[in-house]
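Just so it is clear, A, B, C and D label the chains in written order, and each chain counts residues from 1 on its own.
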Amino acid sequence: MKRLIHFVREAVANIRLNRTTTLIAVATTAFTLACFGVFLLLYLNLRSMATSLQSDLKVVVYVKDGTPPPGVSDLQALLKADPGVQALAYVSKEQALADFRAQFPEESHLLQGLGDNPLPASFIITLAPAYRSPDAVRRWADRLKSAPGVEQVQYSRDWIDNLNTIVGYLELAAVGIGTVLSAASVTIIASTIRLTLFARRDEIEIMRLIGATGSFIKIPYLIEGAMLGVMGGAVSLAMLRGGFELFNARLGMPGRFLGIDSGFHFFSGQVAAMILVAGLLLGFVGSVVSVLDLGRAKS
Amino acid sequence: MIQIFHVTKYYERRPALTDVNLQIEKGEFVLLMGPSGAGKTTLLKLLYCATPLDEGQILIQGRNVARLKPSAVPYLRRTMGVVFQDFKLLPKKSVYDNVALPLLVQGLPAFETRRKVMEALKAVGVDHRKESRPAMLSAGEQQRVCIARSIVNSPIILLADEPTGNMDAELAREIVELFKTINARGTTVLVATHNRQVIEQVGRRVVTLDQGKVVSDEGKGL
Amino acid sequence: MKRLIHFVREAVANIRLNRTTTLIAVATTAFTLACFGVFLLLYLNLRSMATSLQSDLKVVVYVKDGTPPPGVSDLQALLKADPGVQALAYVSKEQALADFRAQFPEESHLLQGLGDNPLPASFIITLAPAYRSPDAVRRWADRLKSAPGVEQVQYSRDWIDNLNTIVGYLELAAVGIGTVLSAASVTIIASTIRLTLFARRDEIEIMRLIGATGSFIKIPYLIEGAMLGVMGGAVSLAMLRGGFELFNARLGMPGRFLGIDSGFHFFSGQVAAMILVAGLLLGFVGSVVSVLDLGRAKS
Amino acid sequence: MIQIFHVTKYYERRPALTDVNLQIEKGEFVLLMGPSGAGKTTLLKLLYCATPLDEGQILIQGRNVARLKPSAVPYLRRTMGVVFQDFKLLPKKSVYDNVALPLLVQGLPAFETRRKVMEALKAVGVDHRKESRPAMLSAGEQQRVCIARSIVNSPIILLADEPTGNMDAELAREIVELFKTINARGTTVLVATHNRQVIEQVGRRVVTLDQGKVVSDEGKGL
């Protein structure tokens, strides 16, 4: 316990005494984590955007022309019981015609010559979240096609496929950039911490000659590394927050045009905490590496 | 206490010590002389395990230094006090903290640390500069801080490398008196020096090195 | 001249002597520039993708029903002369009907009852690159609407708008991330170089005491900084290239699904050179900052 | 040559030098004595502009040191050779390169640099270690390298701070002889020392400092 207090006090003293290196280490960590954070922010927001776009997906189940009302009720009951259906609306033949007329006033003359209403009745279905992935939609639609009274199941395959591709790319880019950025963060932060310790190798050597054990020398450095990392993480969060607010205030509008009026979101408390923890771990790992290095340099 | 058998030490294939034999008993006060580059510092370094041995054996308090595990070295060093020729003070710590370091390393209680540190600083006459950083002291003051650090933990063995090189005659005399007092309390003292005055004042065993060899060993058992 | 040789030799000696710090500085620079490079790569490829998607844009000019053949020819001549038109194809009323039948076999009964062919003739136009931006398309279409024989000018406003939004976002993200990454790169690289010099401030002080002038001390450090920067840039290019090949070999396929069979492209020689120059400048600026810093610390 | 008028120097409000007056003529050989912390190093530092002056005036070759522009300081330093108490050798350069530095700074041709460096190294007897790095030398050898560096550019003024602190009597004698030779060639020499032997051997003017004040100035004009 007394030891621990000493170690922490020593770490704090080192942080204070080595202003320049502390500042540089914190700045480097902050900027590195900020890069990572910008990417994470972008990724999380795009993902949630994609998800909200997916919820716009509507599947239309056309009812076979000439199905008697009890058949339509049966179909409705079947759909209601389906776990894939989150909400459903019935559009009668009459309503379909009215909708068509309203939507395409210029083309309505196409239907003029026809005595009978050629448009079928339909159910418009919002799928449950679990059924919104392109594959799931396809499977669900294929299954329903054979149900009694169903003429056809329609959904925008293009839209689904595009979204699929976009989300796929996003995921791909996420993995790619995430990997590069993680590797970069680890290297940069570890390097910086290492460099700060490197500048103090003479002091470490003196401590050794005085009879200090390896752990006595190293533990304050590990604590220092972790502290620098957390400080870097905190600064990067502040920077991200500031940048985010700036960005949102200035350019938050386009989000609304796209119909995503929820706007962009900052990290949840959990993700923010994770960034701090990441800083801590990176700083710690950085100093472990440096300290091992020092150990090797001189017995 | 210290037994050195046929010790040879090379630096890049050039011998710094050649077949050195030396026995130092508990409680002895030995002076180490020799021209510049004779190997005095190298011999002391071997004793506190700061450089590896090439040939021969060194036993300190019966333990074979060459066979010591790296993890045991700090504990050996804690039984010794060393005055380095280049001081080796921590530049960012105060004089007080520098002198307290050997006690801190051993985990001594705070009040006892305080008492011992102040005692050591007073003994060498730099207690009035205890808040300063080493760079703010004159060379002679730094050397005295280094001496204070070496004696603060009442070592069993005291190794001092040119401890009066930056001191005037009067101060050197006081430091030698201090060493003699410490020696009288039972500490084995080994001092490398060029200072004739020190040698006369101590008047004990003098080992002379030249080009890595022991060329004379006078006054043994005096 | 003799001086210059001395300075360069000194810089090289420093790089060699300070292995650890050199390695760390180069690695940090490389990783930082690599992050920037990944982003640049992504941006450039997305941009070129967006551009190639824009070239898919077709504008349909419907010919007024009942326009006599000379009127149609006039219109064709007008369109051919228009600088906005890259290519055009004529679709007669008959062909339009045939196309409709082929495309919507199920809905073709809608046209059954009609005695006359209700579909108009049209010109399908591929716009010249300069006219493909959403605004330009709109302006172009509006202009053409009043031409003789033109019934209507149609293009997928949604498509245009979406692409517009996407490109807008891309540009926005580019500016945002680009700024953050640039700031981060400058800070990190400058910090690292500064830290490497910081470890040598005692040496610099000694040089001063010997009677060396400020520039005599500083110039080798500036050269060293620039060299470290270039080395970092080269390493980052190598890393990017390697990562790119890996990525392409493994995951190059999705590109084809999107219809962009040209695949992803690596940097052109020019951009690669620019990255090297960026490394050089960053390293140089980093050492200028550090050297100024040193100058301030001690007269 | 060197004129010091009413110089006072404070370190953190504590005076290190108080109202020091000293005139040193061209070609003089002056020894500076005084106990540890008397202010000898501080006085030398003021002369080579390593620390700012608080009160008084220092003229070197007629130029007012306090009024010197920072850009002029290097050129003043090039006319001086300084033996630092803590050597201040560049740790990553060889002995040869360390000694060559003052010449390199002045842009001397390569062949002349080589000749002068070897001459200086031979004069202090460390020419056989010219490829080594300073850390690979004994303290006495490092001190001699520092002396070699201070004399290599034939300075007009030579300032030496405890230049024989790590040397045996024989070597110290040789170094003092070297300084006397250099002095005989016209260089003004100012040596801070504790070594009685040196003082006797030089037998010239001795200025004694104590607690920042000049307490005696003997043998002037001898």
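FYI, a contact is a pair of C-beta atoms (placed from the backbone, for glycine too) under 8 Å apart; a residue touches a chain by one contact, two chains touch by 3 or more.
Bear in mind that the values here come from a model prediction, so they are computed numbers and not experimental data.
Engineer: Give me the set of chains touching chain C intersected with the set touching chain D.
Structural biologist: none
Engineer: For chain A and chain D, what is the smallest step count along a path of chains that touch one another?
Structural biologist: 2
Engineer: Starting from the Cα centroid of chain C, hunt down the chain whose centroid lies farthest away.
Structural biologist: Following the centroid criterion, the farthest chain would be B.
Engineer: With centres defined as the mean C-alpha position, give me the chain A-chain B separation in Å.
Structural biologist: Here the centre of chain B sits 63 Å away from the centre of chain A.
Engineer: What whole-Å value do you get for the distance between chain A and chain C if each is reduced to the mean of its CA atoms?
Structural biologist: Centres of chain A and chain C (C-alpha means) sit 24 Å apart.
Engineer: Can you compute the centre-to-centre distance for chain B and chain C, using the mean CA position of each chain? Integer Å is fine.
Structural biologist: Measuring from centre to centre gives 67 Å for this pair.
Engineer: With chain centres defined as C-alpha means, what is the inter-centre distance between chain B and chain D in Å?
Structural biologist: 29
Engineer: Of all the residues in chain C, which ones touch at least 2 other chains?
Structural biologist: none
Engineer: Can you pull out the residues of chain B that are in contact with at least two other chains?
Structural biologist: none
Engineer: Specify the contact topology among the chains shown, as one of line, ring, star, complete or other.
Structural biologist: ring
Engineer: Please list, in label order, each pair of chains that touches.
Structural biologist: Between chains, contact exists in these pairs: A-B, A-C, B-D, C-D.
Engineer: Quick one: which bits of chain D touch chain B in the complex? Just the residue numbers, please.
Structural biologist: So the residues of chain D touching chain B come out as 11-12, 33-38, 40-41, 85-86, 136-141, 144, 161-162, 165-172, 194, 196-197.
Engineer: In the complex formed with chain B, which residues of chain A make contact?
Structural biologist: 2-3, 6, 17-18, 203, 206-214, 216, 299
Engineer: Using the touch definition from the top, list the residues of chain D that touch chain C in their complex.
Structural biologist: So the residues of chain D touching chain C come out as 48, 50, 70-71, 73-75, 77-78, 80, 82, 84, 88-92, 101-102, 104-107, 149.
Engineer: In the complex formed with chain C, which residues of chain A make contact?
Structural biologist: For chain A paired with chain C, touching residues are 20-21, 24, 27-28, 31-32, 34-35, 38-39, 42, 109-111, 113-114, 118, 165, 168-169, 172-173, 176-177, 180-181, 183-184, 187-188, 191-192, 194-196, 198-199, 243, 247, 251, 254, 257-258, 293.
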